[in-house]
Structure formats: structure tokens, C-alpha cells
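The structure's right below; bear with me while I get my questions together.
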């Protein structure tokens, strides 16, 4: 019968229309500015630089190794290495970025900088409402704008940050143990032979930069 | 004002007069910035030349300037609806070039994400095709509702909905968690119902059949000679699917059939997408059932600073649009000497004129719609 | 049925197409897919021979691409015996190291990957080389044999400047008609963007405005 196909189609539309009142599967829209869908853990927008502690200048994890600058596919990262050094979280003297700029108008959110960073210094933000009226300065983010505390990272990527923090705590413990062993050895060597070198650990200086992963 | 309008008499072309129409680049039916230079005799198409390149950014040159790793996010932007299959095509070529093996679990996850991509691409394409025919809104929105669920899965797996940047040579970037796989299982369980509804919506619709059957016929021999691939080729009755021919990845472990058309018209190409969606669901069911545990990437692979031996390799996969190939020549340095994409969308356009000649101008829109092009891949 | 080795294909081509000169080109990568270099005069008939071969039926040309090989200069150190005149005037034969430079002129290459849809095998890789990168960048078109090469040969003409003789419609395809250069060639220099770029004043940064963002 002519028209049967039309009716069959209309039955489907009716099923979907009335179904949308009872079935969440059939009505998936949300009213955006008021209602928001939660972003998944892995969600990524633009990079941020992490720092430990409260001071973004002293605690910045980046050591200006410039790997991300080289690996960035659209070359949107610009780093200038510092002349002097500052201690990192295990107390080792490292360079730091005098300039660290990301041109987010060029960045394509591919996360390769995060993958290649050996210092857990760069991570992806989830903030996506980033409109600006200044398309040159407003989209060129400096070190100061990029720096975010570790607590912020913990908030946006809870699982990922737990894993990172666990590794960093271990690294710190290893570094301390190594320093302790080295100090003990040095003390044993300098002290007269035969004297006890049991309290060598006291000589180890606490790293200036404290990492506080909870 | 009234007098001025009266002067604008309706233009009546003479018998046999040829009219030139430039459809595009900003025509709503051209799926992007694509232009068709059409010559018409009345309503009938007597010549049609596709014009493109408006989105050309020299993707190949960009990839030749960067390292092997940095080309992966750029492949996302080729066929921007199917970033997962684009990733796979490229990493497959690099794996062939450098002789890298892939762990089994990674192969299974690749199959899962590629088939999800195929599903959402076909659903979207059918929606757009029906939209082009005048079924405005409804089928497209149903398709996009399902596509949204697939994109949500991609986002929770890779971090991005469309620009996934998920695969790496030798494996994958991140592992799929158990909860993610459970979500996939749940979605796959619901998909057959959607395909049934989607098929019932318009498959036997008289208007759709009158509009599409016998329109834009692509003969079998021409399709083979012109290198047409994917659902378009199979709609013309050629049994050629790279998944079945090359058995790349672990596709030889799954039972699925390759649907074939008989007439090679727009209706067959429309049905081909629906039938492939069913087969895709079958593959997904088997893949999520059989996925083994294990590593997802070969730990010895150097992602950064990969330097394959001098030589060349051609890797190809069955992307939703057709055969997507990547041809790489290495000269032993850290970036490819030659990087070439075989874009199925562009090569499927070769026979656009042959299909449209003699058809009505309104039918060129649905013929183009049934080719399934994405301009990011056509123009590269 | 699997395809025979490139050497066997070469023997059959030379038997089937009289006068055709085919060279097997090695491939150092693990894929080990060797290719066949064709001469210009017989390329078309070789292509037809491969397409219509009863056992191979290479009816499908999957990929056609251009490749640019620049002029190469390889230097080799060779030890040569030479008569050397010493300071006191006496002549003696000595072994002297000499650097010999061999110049290989550059050429453009067209690569075709053939498969068979009927027999489901492949690939057979064909290559053709131009005599030079200037006026001699001409090759016979294989579009009359496989129409799938139509757009791809146009692309190779557009981006590499290889003129395909016998192509039905050789125009630029991706670049616009008035464009003069060939962007995919290795020595292509992109035109400098002449629009002046306003480098923004970045607040709170010690560094100079970077060149990277231009």
C-alpha cells in the first residue's frame, strides 16, 4: 500500500517524541549555561604549569629543559632558560624558565607536551570558557598566567594527580635517602676512624622546596 | 519601487541554452567549503567539475617538517569526524616502516574505537544525507543523539571528543579502564535498537525511494577503475573491504559480513551505511567480549626521536569513508622524508561528474551527499 | 594467490612488453616492499599489461604520489697513488687521500601502488623518474589506464610540478590557478607574511617579545 512507509516512519517519530518524556536515553540535551555536564577525568583543553607549595615563582616544577618546546607539533611554546639556578623539590639545583609563553591561539590541545615532560611540570587544564576581547595579548599566556598550584591539579584530575604525587613522594624519599647515605659516608670519611657514624641522618639538610602531596 | 520590481521579469532561458551555476563554496549542501561548477541545460546537468582546495593547509608538508610523533595530532584533523581511524592509518604505516609490533590488548582497543568511529560516522552521514533530501532535522538529530554517546566515550578515554590523538606507534596512549569498557558494553547493547529504529524511520518511505532509486548510478567497472573505495564501492557490488583483504590489526578474529549493493544508486549507498552499522555492532560485541588483559604499548618503542631505517612503507586501513592509506618514506632521520595521505574522500570524488551527468540539478545534492566527503580530508 | 617476487614480475613484463626496461628498486625498511622502476616510453603499455594480466589483474591503483629528490652531493674519501714532489725536488710515489665528490642530479618521482580488487592481492609498486627537476619534469600519465590517478596526478602536478603527458585535464587542484610555485618541493620557500604583526606588551614578564609568535 502506498503510504505504508510514511506511516511506519511517523510511528518511529512518535515513539521518539513520547519516549522523550519517560526515557532519559531519548532526551539527552541539557540547557547549557544553567545546567552543566560533568567533564570526564581525562578531559583536556590547554596546558598549565604546576608549582609546589604556595609560591609560583619558587615552586615552579619546570626546569626549562625545552623538550616540550621541541616536541610541540604547532610550536606554540616559547621558553627562555634562566641564567642562574634554583633548587627543585628534591633540593637539586636546576635552571628555571625565565620566560615561558604559550600562544593558546596556536595550541591545538594535543597533550604531547604533557606526555614528553619528564618533570611532571606541565598538565592539561579543563577550563574551556576562555573568550577574550584582546586577540594578541589575551591569547598569549605567560608563565604567571600558566602557573597553577598542585592543589588545583588535584581538583581537576584526581586520579591522575594521585599517581603523579605518589611517584614524586617516592622520588623525594629516594633523593633524601641518597643524600643521607652520601652525608653519612662523608661524615664517616671526615671523622676519625673508629668513631660511630650512627647519627649521620641529622646532617642532611632539608630541601628548601617542600613538596606537600597529601 | 513597484515599477522597479515590474522590470525584473522572470528570466526564461531559450531552448537548449546552457546555464552555468557555481554551487558552493558556501552552499549548505556541499558539506563544507566545496564547489561544483555545474553547466545546466534546463534542469539537467551537462557538465560538473568539482573544485576544492579552500581548506588546503598542506598537511603533508607540515608532517614532513615535524617528528614522527608530532604528525599524529595533525592526522586527527584530516577527516575530523573520524580521528581514531586516521590515527590508526598513520600509526600502522609507521609500524610497518619501523617494524614495530603491537600488544594484543592495544589491537582490541583499536578495533573498538575504530568501529565506534565507523558507527558514528555512518549514523551522521545518513542523517546528513536525509537532511539533504529534505527530511530536515529529525533523522539528523536522532543520529547526532547516538553520536553524542560515542563522543562521550571518546572524551572519557582520550580527553577529547573529536581530536582524540589517541594512538601511538606500538600501541596506545592510555589504557581503557574497566569502567570504560563496561560503558562500551552498555552502549553496544543499546545500539541495535537504535539501528532498527533508524532503519524503520525511512527505509521503506515512498518519497525516499522515489528520490533515490536509480539516481546517481555508479557502474561496477567504473568504480573499480576510478579507485572508489568504502561503502560507495560496495554499493556497486564489489566485494572489497580492507578489513577482510589485509586483516590488519586483529580483524581476522571477528565474524562479520561485508554488505554488498546491487544497483550502485543513492539508495544502495544509503542502505550500505545502515547495514554496515549492524556489522559494526557485531564486531563491537565480539571485541568487548574477547578483549584480553595486558600491556597497551610496547615499552621499547621510542615515541620521541623515532628514527626508522631508510626505506618506505604503505599502510592502509578501511576508514568509514573508504581506504585510507599512508605512504611514508624515511631517509633515516627523525622526520619523514615523504609523508603522503591517500584520502578516500578526494578519490571518491573522481567519478562525481560521471554520476551526475544527465541527472537533475537537485539530485546532484544527494549524489554528493551519498559520496560522504569531509573537506578536511579532501583538501588536506 | 600471492603475487610473485618483483624479479619475476620484471621478467614477465619484459617478456610481455617488448623493449620495456624495468629495474627493481630495493627498500631498506622492515616492510621490504620493493618497487619497479619503469622507463617513460613503455610505462603506459606496462601499466596496461599489469592491469589486464590474466593472473594478476591489478585493476586498482590505490595511491599515486610525487616525491622530490634534491640534487645530492656525496663525498667519498679515496686513497690514490700520486707522484709527490718533496721539498728537495725529489719525486716519490705516495699514497694520498683525496676527496672525490659525486654529484647526483635531482629528479622527481611518481609512485603508484597497485592492488587487485578481483584477486585481492597486492601491492605492486611502480615508479617513474623524471630526467631533472626543471623542464624535464615530464612523465607519461597513467590516468588512461587507472582513472583513480586522475586527481592524484593533478595533485602531483600542482604540488610537485610534474607534467603528466596524456592526462585529460591537467590543472591545479588544491592551489589556486594563479599560483606559481610548487609547494611540496623540498626547496620551496614559503612567502613571508607581509602583514605587520603587532607584538603585544606582556605584563609582568622580564623577557623580550619573542620571535616565535610571529
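Labels A, B and C are assigned to the chains in the order they are written; within every chain, residues are numbered from 1.
FYI, a contact is a pair of C-beta atoms (placed from the backbone, for glycine too) under 8 Å apart; a residue touches a chain by one contact, two chains touch by 3 or more.
Remember, it's a predicted structure, so these values are computed and weren't measured experimentally.
Asks: What pair of chains has the most C-beta pairs in contact?
Replies: B-C
Asks: Among the chains, which one keeps its Cα centre farthest from the Cα centre of chain C?
Replies: The most distant chain relative to chain C turns out to be A.
Asks: Averaging only over C-alpha atoms, locate the centres of chain A and chain C and give their separation in whole Å.
Replies: 44
Asks: Nearest whole angstrom, what separates the Cα centre of chain A from the Cα centre of chain B?
Replies: 34
Asks: Quick one: chain B and chain C, Cα centre-to-centre, how many Å?
Replies: The computed centroid separation for chain B versus chain C comes out at 29 Å.
Asks: In their shared complex, at which residues does chain B touch chain A?
Replies: These residues of chain B touch chain A: 66-67, 69-74, 76-77, 138, 142, 145, 148-149, 152, 155-160, 163, 165, 173-174, 190, 197, 200-209, 303-304.
Asks: What residues on chain C touch chain B, complex-wise?
Replies: Chain C reaches chain B through residues 27-33, 59-63, 65, 67, 111, 113, 117, 120, 123, 125, 146-152, 159, 172-176, 183-184.
Asks: If you look only at chain B, which of its residues touch chain C in the complex?
Replies: 52-53, 56, 58, 60-61, 96-99, 222, 224-228, 238, 240, 245, 308-314, 316, 323, 325, 327, 329-330, 338, 340, 342, 346-347, 349-351, 379-380
Asks: Sort out for me which residues of chain A touch chain B in the complex.
Replies: On the chain A side, the touching residues are 2-6, 8-9, 11-13, 15-16, 25-26, 28, 39-44, 67, 71-73, 108-112, 115-116, 124.
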